[in-house]
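What follows is a set of structures for review.
First chain A sits with chain B, and in the next complex the same chain sits with chain C.
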Partner chain A sequence: MTMDLWAITKRVAFYALVIFIVVVAVFPFYYAILTSFKSGTDLFRVTYLPTSFSLDNYSAVLNVGDFPRNVLNSVFVAAVTVLLALFLAITASFALSRVRFRGRGIILMTILAVSMFPQIAVLAGLFEVIRFLGIYNTPWALIFSYTIFTLPFTVWVLTTFMRDLPIEIEEAAIVDGATPWVIITKVFMPLMWPALVTTGLLAFIGAWNEFLFALTFTSSNATRTVPVAIALLSGGTQHEIPWGAIMAASVIVTVPLVILVLIFQRKIISGLTAGGVKG
Partner chain B sequence: MTVEATAGPAVRSTPRIQSELMKSRVAAAMWFLVPMLVALAIVAGWPLLRTIYFSFTNTSLNNLYGGDFVGFKNYLSWTTLKSGRTVFSGLLVDPAWWNAVGNTLRFAVISVTLETVIGMIVALVLNAEFKGRGIVRAAILIPWAIPTIVSAKMWSWMLNDQFGIINDLFLNLGIISQKVAWTASADTAMTAVLIVDIWKTTPFMALLILAGLQMVPKDVYEAARIDGVHPVKVFFRVTLPLVRPAVMVAVIFRLLDAMRIFDLIYVLTPNSSATKTMSVISRENLFDFDKFAYGSAQSTLLFLLIAVMTGLYIWLGKVRFDGGDR
Partner chain C sequence: MARIELKNIRKSFGLVDVIKGVDLEIHSGEFMVFVGPSGCGKSTLLRLMAGLEDITSGEMYFDGQLVNALAPSRRGIAMVFQSYALYPHMTVYENMAFGMQLAKSDKDAIKERVEKAAEMLQIGQYLARLPKQLSGGQRQRVAIGRAIVRDPKVFLFDEPLSNLDAALRVATRLEIAKLHHQMNNTTMVYVTHDQVEAMTLADRICVLRDGMIEQVGTPLELYQNPQSLFVAGFIGSPKMNFLNGEIASKFGATTIGVRSEDIDITDREGAWKGKVIHSENLGSDSYTYVDIGTDEPVIVREDGTSKHAPDDAISIAPQPGRVYRFDQAGKPLKN
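Up next is the complex of A and B:
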């Protein structure tokens, strides 16, 4: 009898912990959605459940100011950054994982070191380079600078992945006289789609969320990306923070991301643990 | 290395053909590596060198090429007054800088410690078998997926002193007796930053630890259960030693990441000297205060600190970089 009670208590405590974890994880996002549908004075009345439904905040964000433009900027910057990084990384990680040569260890170490770089350490120098190239305040400044964190990450993960592909496939291709380029594009690429999707998605999220470079290398509303736009979103007067609009904007940029992450859950988790590089 | 090179991974035919093949493969590998290495040199190597160079000049933001070399003046300089008193100036005697160093270290140590402990708890929960495990795993991915800036904004609304739900909840539960200005007050600003960072980053930690936990063979637990070993003892004697390598890797990555924190603090507690970190103060000097060279010196010091930490990690952890055979 006491054993039963103890077992029940343990079960209840365990599920209480589970519920607590889920609530803490999800609540802020839930509350942002809830807030984004409130308008007027409702906004300043704390409620735990939805009480009103208004799309005012969404229409404010989408029709006033440059927010739609900012979303397009973010999509463009993140997409081009990912394609560039994947293109450079596929060939490089073939060399790093399938060919033995002197200095491979040093190159891998350099790549890992770059991924641990504090971005602030290159900020001054990058600013100079970007000014020199004449791309300041354009999306290209961001695509250029984001390479510093997307490229090491993609190279590292794809190298880990390619190393585990069976040697026999490659041997067969070599016997048929395939060059390394053909091996990459015709033999490995079809096998690598899962890895490419995962690393691409993680790099995309990284570029989509980046703030420091975006804040520093753009200076006008029309060229900003979403994180900077949200951070700098301000109301009519200086002290009036448009919380409703901020929450609507936050929901707009987060919902696609959350959906993507939930769809690719398993892949993302395996990619994160394989790369183990960035959070 | 040389032994590996002759025992090449691919073809097992006559040595002559093999070596020619190897040569062409290595040549191709070099061509494949060049674009990536050039890209890294342009976006990382060169800018880093320029930042270090700027820290030894008096360059200003509006005149990047007009700076003169001034040696270590940004770091430390002194003048002896007529009265015989020596006055020091520069980064190494700047209290604002040391305040930022203290904030960064405090933030990094506390956040990573708590994230590891909580992450371990969450990982243990996810490693147990129960109904709805998939939902929990999906739920904890949400904080990770939300952009840092967005989570900073969400939380600054929740932590709002007048209309925030946290104050409302804590007042109702009797945890606090009056509304707290979480982000604005110097006493609680760091707590606010820690809460948001822990909320956002613990999932990452939990997933890495979970991956380690899942590699522990099931029969180990089975054996312990049959022997009647207490679960707590099993955790400290069996589980923890086995997942320690995975946890250590996660801790180091998180620590290095926490050392360079910028965005959360910039948005959640702007201009609060209680939370200003090395990255925040460097950027402020670089671009807001027109002290470009001084800011460069600060970012150079942060780089050195992280470089030393990374070096220690590689040296102590004996990480393998040969990419070798797993």
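Up next is the complex of A and C:
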């Protein structure tokens, strides 16, 4: 009998802990969604269950100012960053995993080292480079800087993944008359979908949520991306912070990510483990 | 149709010399087998012929044309790998058609060639499947089919049977032998460490040891006239019995070798007396392991089944004229 009691207690304790963790993790998002549907003075009453429902905040965000434009900017910047990073990373990882040359190990270590610098450390230098290239206050400034920060991780993951692809398959393709480019596109890429989806999605999320570079390298409302736009949303007066609009905007920009992750989640899981274990 | 000539071919990986000067001529349409223990450089030599590795020094000719610097796809070769090396994401048809598609061949021509090769290997019904839906034997047939579609002048096999189980290995060996008869214009080079495969498939065998050619000849030449102790020991199953010391010096040699089928169980003059260790009965013949005081037991082959129990006293003697004599350097002494 006492055994049963102990087992039940353990169970209850376990689920209590699970619920506690879930609540703590999810609450901020829940509260944001809840707040986004409130309007007027409701906003400042603390409630934990939906009390009123209004879409005023959403229409305000979408119809006033440059917010739709900012969303498009974000989509453009994130998408181009992903494509550019994947293209460079695939070709680089082919060289790093398959071509024997002097200094390969050093290059790999350097790539890893680059990713350890905090953003703020390179901000000033990067700003100079961007001014020099003449892409300040354009989406290309962001694409450029995000690609730099995404590439180390992407290259590293894809290199590990490509190293595990059997060398005989590549040799069979060479005998069949394939050039390196054909080997990459027709033989390796189809085998690397899980890794490409994983790294691509992480690059997308990184670019989508990035704030510091986006704030520094853009100056006009029309070129800003969503995170900066949300932070700079202003109300009717200087002293009014439009919480409702901010929450609505946050929900709007989170939804695409949630959808993307849900679509690709199975690939992500297989991708994250694929490089480590011989499969 | 291609005659292959290797002239003083060397290959080093860094400081390690793997191929140490190989001269060899492979006739057009010949089935040549490279055999040797692991690490002897046989696979490396094949990969040099394929163009997958660069030749360090020496010259290689296909039909008189120097191919040292020629890309694999332009040498007119096809290769079958030990691990099949099929493209996992392509169907059997796409696997076989890939090379021709890259060469921008006509669609109908590709279809015709793939279907012909598939029919030859009886994989016609699997054309729409993916490699992972096939068994090991079927995969290796697809790999061979992919090579056939390329219509190569030289067909290279890198231990194609090692990943198959025993029964499939025999069946696929037969397929390859049939293929050689059907494609008698195609030069075939085959690497294996299994001397049975070498004996059964080869027109000529090239025994390699430590990056050098030990002996080249037809299977029977190697079996009957081994030019070294190494070849004598490597070719033939079970292994040739080697005897040293006093027994050998009676024959005027440092080492003598006797094949198990050349030993009689007899009481005649000069027979070796010993004790039975174990008898293996295979039905049609049997092998008896006899301890006559040497390091290794002597293996004796008998027709039919053997009647010897362990620890039985037994006398054995080599048949006259069937003793291979070797000097200290392992070279054969003339009889």
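As a convention for this text, the second predicted complex is superposed on the first by the 263 of 279 C-alpha atoms of A that agree within 3 Å, B and C clash if a C-alpha of one lies under 4 Å from a C-alpha of the other, contacts with A are read in each partner's own complex, and residues count from 1 in each chain.
Here is the rule we go by: a contact is a pair of C-beta atoms (placed from the backbone, for glycine too) under 8 Å apart; a residue touches a chain by one contact, two chains touch by 3 or more.
Not measured: the values here are computed from a predicted model.
**Student:** Based on the superposed arrangement, let me know which partner A:253 touches: chain B (first), chain C (second), both, or neither?
**Tutor:** first
**Student:** State whether A:44 touches chain B only (first), chain C only (second), both chains, or neither.
**Tutor:** It touches chain B, and chain C stays clear.
**Student:** Examine A:231 and indicate which partner it touches, taking first as chain B and second as chain C; both and neither are also allowed.
**Tutor:** A:231 sits against chain B, while chain C stays out of touch.
**Student:** Quick one: classify A:175 as touching chain B (first), chain C (second), both or neither.
**Tutor:** A:175 contacts both chain B and chain C.
**Student:** Which touches a greater number of chain A residues, chain B or chain C?
**Tutor:** B
**Student:** Once the complexes are superposed, what residues of chain A are shared between the chain B interface and the chain C interface?
**Tutor:** Overlap of chain B and chain C footprints on chain A: residues 171, 174-175.
**Student:** In their complex, what parts of chain C are in touch with chain A?
**Tutor:** 50, 52, 71-74, 77-79, 81-89, 98-99, 102-103, 146, 150
**Student:** Hey, which residues of chain B end up touching chain A in the complex?
**Tutor:** For this pair, the touching residues of chain B are 1, 4-5, 8-11, 21, 25-26, 28-30, 32-33, 35-37, 39-40, 42-44, 46-51, 54, 64, 121-122, 125, 128, 130, 132, 135-155, 157-158, 160, 162-165, 168, 199, 201, 203-204, 207-208, 211, 249-250, 253-254, 256-257, 259-260, 262-263, 266-267, 278-279, 282-283, 286-287, 292, 295-296, 299-300, 302-303, 306-307, 310, 314, 321-323, 326.
**Student:** Any idea which chain A residues touch chain C in the complex?
**Tutor:** Against chain C, the touching part of chain A is residues 166, 168-169, 171-178, 182, 186-187, 190-191.
**Student:** Tell me, which parts of chain A touch chain B in their complex?
**Tutor:** By the definition above, chain A touches chain B via 14-15, 17-18, 21-22, 24-26, 28-29, 31-32, 35, 43-46, 48, 88-89, 91-92, 94-102, 104-114, 116-129, 131, 144-145, 147-148, 151-152, 155, 159, 163-164, 167, 170-171, 174-175, 179-181, 205, 208-209, 211-212, 215-216, 226-228, 230-231, 243, 246-247, 250, 253-254, 257-258, 260-262, 265, 268-269, 272-273, 276-279.
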